[in-house]
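The data blocks that follow each hold one structure.
Heads up, the next two complexes both have subunit A, just with different partners, subunit B and then subunit C.
Moving on to the complex of A and B:
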């Protein structure tokens, strides 16, 4: 499609392109910053002015995953030679890898936190999206007494900052034993995302003509079968968009994760800053764990990109 | 096959009464056309028969059995809608197979393939079978919708203005095909339309629906020649029936504002009664010596016939005459009619006096 454009429109278009590039630069600069820091040797991480050219090293990534302690003196030659390459990287930085008495490497805990994040975000997203979709379908298709009031009520749960209820939630969770459990966080994040999910999905389902389902009903299908065979595939764009938003919210959540968990179910967001610890912080390790933390969201969004693009223009232009 | 009987159906949406005590009898194997303007309740009637809508009161019987307790799936009716009735993500074949794959049916794969094949052949859509439905033209889509209805071989076909989204030419050809299909299947068809040409040309019977009530049921000829009231008279026929205010005399009637009495068939209506006279355009005749004087306002040449618009005093009439008639604009002609074709309606109620 290329319509005729006046010189004025061509100029406006140029300006728009420049604006997009500026915006892109502003958005990508922090990511470049953190990514480049994650490949820097520790002594270059905080130089002023920033170091642009350097020899990249994966040492920060190694350090992210293993437990380390400060070396008291120089390493002996044989020990250094006997160490695998990644351990040498740690030794180069003036630290040694902590091992158990039987010689096994002790993990830093990041891997486990990362897994916790994945479990909590994925499961709560599945719950929020599936429950939200079913609820939205009900609100969209059936007569529900007090429908508007219910919808407003659902939305109103989003109106106060969640942190406000953090302390009461913490106390209640302690009583029922949900503190520091995956289930506890999953319930919290599901509840938090549900209102959003219901509203977004209702918008999408309202757009799907009822005639499709009615045709299926007349064709000999039950309401449930019609829902799964007809409505769900049509609602895929909406589901994808909602899933991405819910996933990002759950993945990035910090305050509740910090308060409600400490060891067993702690997610990555509260863990990453906790590595700063005392003394001189190793920013390269923080950067490396942050970069790794960005990857799942990027992959998830990338996989759903086609649905997302269609989802954004939904309602305006379809097909 | 099946008959359909609706008795005393009412349905309101909020304060809006869509159907008010609708009674309808459709015989087995009939092609019944429900004709009505927009908002008359045509779609609502179909949806109630299909089981997609619950009536507020009244009963629906298919083949003599009350189907009030059966859901849409169990009623064994097929529905063809004006639009949106095809599943967008499936191919044409997928759409045709869809109703056959329902769990309440349990057809074997061979049976499904055979039925799809047959339906596709009937509707000449075999070459389209593996296309996605989104890419089809309007006419092709409607063929597929009809195909999806016929694969199941249901007792009853319900069609809600299936042709109204198509262009005139296609509409005409599908009209013929649908009639042929009806003759072929022998099933009961209930066809809903607001297009009187469709109604007249397709229906074995026409039911005229107005504000949720049936005004008249009859064959196309009955409805055309003996409309029950002025509403029906206006609803069928193009150009519309001429309707004029008149006053009854003895064996004659005088159009208000005209100096002469015109003969009408006697027997109905006493002298002095306020009437509306109805006369079809083709029953008006132009001839020297006819009683009325008229001025030609407009001439439309349709090839076989000409449609004249004539002014008689304050009233404006349409007359269909042979194309060989030559008249000029503003020419003054003499106009008469065939007395036995004149219909008399009560002016106040609009009822045809012949129905007493």
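Moving on to the complex of A and C:
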């Protein structure tokens, strides 16, 4: 851009700034709306016209985690007074907390699904990133016959539609008893993320000068030592970024989880929509469970901001 | 595969004599990954290739009967399947075109002097990181004809977004555009920032108009990266399952993946769905091939 700015250019720039903020508002409005719904009392979630200003409550977040049933009549005063604050919030909404005969609060199932998501995503990420880093190093530093074909093969496994892979996997898992197990999902997500991790890690490792290792080899390191002591520390940023990408992919995955799990190992993505069920859905609870599910991804996106481009283009484009 | 060219070290040197050879390390690092992918991606596909020639149903114990190419013949002659393909094509075109227009437009805007550019870019990128299934779910709330915020904000009254068979597919595409325009924006921004500044200065000296500058300088230089974004989004839109499956269940929104899912896991036509999966697979591999060619081309620049 030229140093001297014409009035026309200044005006254009102002228009652009306004347009960017309008676009930002439109892009973030849906996310704001779901977040605000998660703090509404149930009767304000589906009003006509929509309620924009309201007194926030955390009741939806309490309700997300406990099993509830509809109250038949008004609550007795002493029962209400004896209840802890979070139970009062549920009672305020016309529902009561379901307890086992021994008085323990029954969980809603969301907590368990959330944990399942966490276990499956973390373990599959560890596998995918560690195998991917080794393989990327192999492809980056050594001569491999038909290298480009192998790399294409690795990437093509990522591009398969999940349902296409799920049909035979479902049949095979049924034979070996891996349907609805954590291990079954971990294997699928590892396979899915492995190709991504090889491609993106190869980009990161290609950028580490070979001279570093060669100097180490001359100094008496073995190739293995050079890899672990020189290359890995240098590649740490790349490994962290790759891990976050793999985690987000596994965390968000829906189709495999829908097909391969139903109870024991079900993750949050198929569970959250199933809360709609029949009758009038409680959108505040759906919103609360959605927000809790989205928070980790939002945080990671922020941490990843400088690597998004590389990650999204499979390592092909870097700044 | 020969090991003679693998290492740059002199084979008689001290370093080469210690530890494992480079060949061993290479195989140790690469083979497990390849083996893992073959076992869990390729082998299952071969397994289902066998089933695609049978009338197998996973819901019954009846043994599979070999029926040759009948599944493939039936599928390719089924006008309903062709309708699924037409719907998918319509969806892909609308949503990818929308993403390119919005995403590239945003990138052009952001390529100026904007305050807090870094933060704004990160915030704009948020939608594409979210789970498609969960996004589809909460857009149902936004689209609700009576209490949805979209109808209220746009003053559309009781407009049916998802219940109207003609509108539903476009409503899903709008959500997809919201979610994935940031992706096109991100790649376009990279392309735009790579355009050398002196070209614009030269154009200014030559008194080139803004249209001329855009079509002769900006667009040609951004096009390779934009093509990557377009092919990648085409491939992903072609495979769309989560978003459409959660948002609507109309015959007019039945994309290929949804038909395949229903055929395999609700109707339990395992043999036929395996054949269907193969037809889809061939199409995806074809698009992937084009995609990778472009990736490598851009990489070489």
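Rule of thumb we're sticking to: the second predicted complex is superposed on the first by the 271 of 319 C-alpha atoms of A that agree within 3 Å, B and C clash if a C-alpha of one lies under 4 Å from a C-alpha of the other, contacts with A are read in each partner's own complex, and residues count from 1 in each chain.
Everything that follows uses one rule, which is that a residue touches a chain if its C-beta (ideal position, glycine included) is under 8 Å from a C-beta of that chain, and two chains touch if they have at least 3 such contacts.
Keep in mind the model is a prediction, meaning the values are calculated, not measured.
Trainee: For A:71, using the defined touch cut-off, is the partner it touches subunit B, subunit C, both, or neither? Pick first, second, both or neither.
Mentor: After superposing on A, A:71 lies clear of both subunit B and subunit C.
Trainee: Per the contact definition in the header, classify A:298: touching subunit B only (first), subunit C only (second), both, or neither.
Mentor: The answer is second: A:298 touches subunit C but not subunit B.
Trainee: Quick check on the superposed pair: does A:154 touch subunit B, subunit C, both, or neither? Answer first, second, both or neither.
Mentor: second
Trainee: Comparing subunit B against subunit C, which has contacts with more of the residues in subunit A?
Mentor: C
Trainee: Using the touch definition from the top, say if A:233 reaches subunit B (first), subunit C (second), both or neither.
Mentor: first
Trainee: According to the stated criteria, A:209 is in contact with first (subunit B), second (subunit C), both, or neither; which is it?
Mentor: first
Trainee: Between subunit B and subunit C, whom does A:218 touch in the aligned arrangement: first, second, both, or neither?
Mentor: A:218: touches subunit B and subunit C.
Trainee: Mind working out whether A:115 is in touch with subunit B, subunit C, both or neither, as first, second, both or neither?
Mentor: Touch status of A:115: no partner.
Trainee: Between subunit B and subunit C, which residues of subunit A are contacted by each of them?
Mentor: On subunit A, the overlap between the subunit B and subunit C contacts is residues 214, 217-218, 220-222, 225, 319.
Trainee: In the complex, go through subunit A and note every residue touching subunit B.
Mentor: It is residues 209, 211-212, 214-222, 225, 230, 233-234, 319 of subunit A that touch subunit B.
Trainee: Inside the complex, what are the residues of subunit A that reach subunit C?
Mentor: 1-2, 12-13, 16-17, 19-20, 23-24, 27-31, 33-34, 37, 45-50, 131-132, 134-135, 137-139, 142-145, 148, 150, 152-157, 159-172, 174, 187-188, 190-191, 194-195, 198, 214, 217-218, 220-225, 227, 248, 251-255, 259, 269-270, 272-273, 276, 283, 286-287, 290, 293-294, 297-298, 300-302, 305, 308-309, 312-314, 316-317, 319
Trainee: Which part of subunit C faces subunit A closely enough to touch in the complex?
Mentor: Subunit C reaches subunit A through residues 1, 5-9, 14-15, 18-20, 22-23, 25-26, 28-30, 32-34, 36-37, 40-42, 44-45, 47-48, 51, 58, 106, 109-110, 112-115, 118, 120-134, 136-139, 141-142, 144, 146-149, 152, 178, 182-183, 186-187, 189-190, 193, 197, 200-201, 204, 225, 228, 235, 239, 241-242, 246, 257, 260-261, 264-265, 270, 273-274, 277, 280-281, 284-285, 287-289, 291-292, 295-296, 298-299.
Trainee: Under the definition above, what is the set of subunit B residues touching subunit A in their complex?
Mentor: Interface residues on the subunit B side: 50-52, 71-73, 75, 77-79, 81, 83-85, 87-89, 98-99, 102-105, 134, 148, 152.
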